[in-house]
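Two complexes are shown next, each including chain A; its partner changes from chain B in the first to chain C in the second.
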Partner chain A sequence: MPITASSVPGTVEPAVQALASELLRALDDQEGHAGGDHLDRFVDAWDDRSRGLAAVRVLGADVLTPSALRGAPAGGADEAVVRAAVRAYPAPAGHSRGATLWNVRDAALARVLVAAGTDVTAWEGLASPRSPGWLPDGQWLPLAADLSRLACAAHPWADAALRERVAARRRDVARGLARALLRRDLLGAAGLARWLALDRAGDDEPMVEAALGQLEIVGTGDPRVLLQCGIAHRLMTRAPA
Partner chain B sequence: MVTSGGQASDVDVVAVRLARQVGEKAVSWLGTMRTCFRLERDRPGQDLDNGALKSLAELALAGEIIRREAVAGPHCARTAEGLLEFAWRELDEGEVLYRLQAGTPAATHPMEMYASFAATGHRHDGLDRLTTHLHGLRASRVSEHVPNRRLAVAAVAAKIGFPLRDDLAALTGRTWLGGMPEPWMLDLANAYGLTHTVFHLTDYGDRPEGLPGPLQGYLHQWLPVWVEVYREIRFWDLLLELLIVGTCLKRPLFFPAVWPEVAAAQQADGLMPNGVTTPPADPQAAWVNHRHPTIVAAIAGTLTLSRALTRATPGESTS
Partner chain C sequence: MSAQTMAYAYEAPTTQEKDQVHALIGQQEPHSGLEHSPRAGILILLLVLSADPIGEEPVEDAFDGMIQKLAHAAAV
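Now for the complex of A and B:
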């Protein structure tokens, strides 16, 4: 299953968009969505449960991050949904680039769960964590390309070594953000802005805020973009861990 | 540092060889096509086609830079010298520019076109007297140009030998580049404004220190992004101007990964496509839309080779 679903009719994309909208509401907690069992309700409401579970898998750790950021971690029913999604759509094995990215995605998912006290050691389908040696060295373009696909890993419970490596490459991440905006790749841009928001470091902060401000306006039609922007804003206003 | 890697700041021997090849083939094409640059002679000076005049001035600029850098092979250097002399003869050794300036005294383009000739010792006494007079008028400091064009006029005046009357820092601050904007706000018009801001402040790489330090840092951060964006869409005309910008910095950026693509896009006869229009098979028809990118290719190849040699020579400063 590709990490980024295309918007072809009959794909999982409509479910992903719907789930992103749901999570965006959970982030704002406008309707008391945070915590509880909103993932369970979402999957049940979808006419094809497997499609709902696929959407959970596509969004990865982001299905849990909004409620966790609000200090109301997912309840047992939502954890069961995530576990079912992981089992239904196991991470690919092997050492391909795609498999490596799944390692990082699943590590990010596992860390949110563990932070909430969940034991994931027996979960089927979850990729094993990997040290951040996978991050491309040197050139900014491949680094930015990978990080934009791994935006769901940019959360406060992320692996410290990974955060340090990304922080050391902030200038390269910012280049990726500028390129994504110039190419009108809003989702990629929002993901990279989120990485920059995770560990703010002074000189590029006005740029991150300006980029997010623009993305929130031009990305109005895409809940996935808005979800990334919303999480990025939470990360920026959150007290350092 | 000489490597075979792909970092923008590295000198890559293969890429430099390709840059030299692109530049020399471009000069060769310009030499072959030089009759296309001829002015129509049956019209009075004021009615001359500005596009044709501008092309002659750009030809002279390439000739000036190739002479100044002195890194071209003997054949290329001879062709470039020939182009410079040809352009000066076409302008009746400055008489055409003099008549144009006399007829349109408020215009700055005749003086701007004169710059490369004046810098290479091609002087016209009447034009010198007239531009000196005009440069002393209050009017010369209040032309309503866009900011990077104001810089162009200031740079040209310095090149011709006039005392500096403008506040370069203030002029620079009003350009797009001088404002160090959000990098994703670059569009085509501002991109060409940016390249020319760098060209004028550094005299096409002759004085890298003419570009203020904060702008050097800004370009080190964002030029790689813009080069990548215009490489991806194969917009050769602007891409080559951005490659020149890289060579104008105190710590030059070379973009070795880009040169194989530029070399592959260049036609066998040396014509450099602009990346927007398809060159017609007829060389004279192709000249119309491709003289500019080919002149830019000649300059980009020359400056890349020259800066790479400077950086690769022991004892030369690399900072």
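Now for the complex of A and C:
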């Protein structure tokens, strides 16, 4: 069955893919050879800074999560890049579904920054945080669709109430993961696997590791998929907070 | 036009770049196209039925459950 790849034509997506590759290298850099401020170097190396900042905005909290997971929070130059990206591409106002998506993403970004000791209260363009009441009740399909787009919020510093809501719907998240795999929605599947990896109960869920293994094989050509898988692995091996 | 954030200077993004950022953040799952083409689903269903599944195997389980997959794809 032919699958139509979901892509957004233009100049930003290549930058997003390139940044995801860079972050994947940073995630695998156990000894810290990559050094700090890799976001600053990435955006500077891009031919157009606004395009580099666009990539930073699209990946959201994931631009900081790899270094934070390695215990080496972003430096001042990287923070300045993230702040510039937020200002250049401000979150939409209102209470639409799209605006809510940005709210949750920005809350996840802010929590990583705050955990590293950064004060984000004066950041222009950052959406105000919201409670996880936005998560759809009942049907598993809308829930899985929303969570797959919010994979960047699945990190150890995520809002406790959000994590509890997701934990209460683990079976539905797993359903969404199985469906995404069947539909070859690799990025969506990787995002849902990451949510399951975040608060994995133990070895009673062999599906997560199997799914990640499969995604790492079939998603070889997509750095965003591999980045999600890499972070998910780190979340599973990380000691509970 | 240029903007300044702390010590970080950048050119103001274009409308196209802003639109792309919004599209990428709200990116939906890829689709097979089948769910938007009921006729294609019906055609495949007829082809499967005309293939005369073997023995007493329920038709919905034939060919690795293809009909179930089609029904699911059409339903969602």
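Keep in mind that, in the parts below, the second predicted complex is superposed on the first by the 223 of 241 C-alpha atoms of A that agree within 3 Å, B and C clash if a C-alpha of one lies under 4 Å from a C-alpha of the other, contacts with A are read in each partner's own complex, and residues count from 1 in each chain.
Please note the rule applied: a contact is a pair of C-beta atoms (placed from the backbone, for glycine too) under 8 Å apart; a residue touches a chain by one contact, two chains touch by 3 or more.
In this text, all values refer to a predicted model and were calculated from it rather than measured experimentally.
> Go through the superposed model and pick first if A:W140 touches only chain B, second if only chain C, both, or neither.
first
> Between chain B (first) and chain C (second), which does A:R183 come into contact with in this model arrangement: first, second, both, or neither?
So A:R183 meets both chain B and chain C here.
> Between chain B and chain C, which one contacts more residues of chain A in the superposed model?
So, of the two partners, C touches more residues of chain A.
> I'd like to know which partner A:R169 touches here: chain B for first, chain C for second, both or neither.
Neither chain B nor chain C is touched by A:R169.
> Which of the two partners, first being chain B and second being chain C, lies in contact with A:H233: first, second, both, or neither?
In the superposition, A:H233 touches no partner, neither chain B nor chain C.
> So, does A:R25 touch the first partner chain B, the second partner chain C, both, or neither?
neither
> Touch check for A:H38: first (chain B), second (chain C), both, or neither?
neither
> Does chain B (first) or chain C (second) touch A:H155, or do both, or does neither?
neither
> Both chain B and chain C contact which residues of chain A?
Shared contact residues on chain A: 141, 179, 182-183.
> Would you tell me which residues of chain A are touching chain C in their complex?
Within the complex, chain A touches chain C at residues 1-6, 8, 10-13, 16, 48-51, 53-54, 57-58, 60, 80-81, 83-84, 87-89, 92, 98, 101-102, 105, 124, 141, 145, 148-149, 179-180, 182-185, 187-188.
> Name, in rising order, each residue of chain B that touches chain A in their complex.
Within the complex, chain B contacts chain A at residues 5-7, 182-184, 186, 221-222, 224-226, 228-229, 232.
> Can you list the residues on chain C that touch chain A in the complex?
3, 5-14, 16-18, 20-34, 69, 73, 76
> Taking the touch rule as given, give the residues of chain A at its contact with chain B in the complex, in rising order.
The touching residues are 138-141, 171, 174-175, 177-179, 181-183, 189, 207, 210-211, 214.
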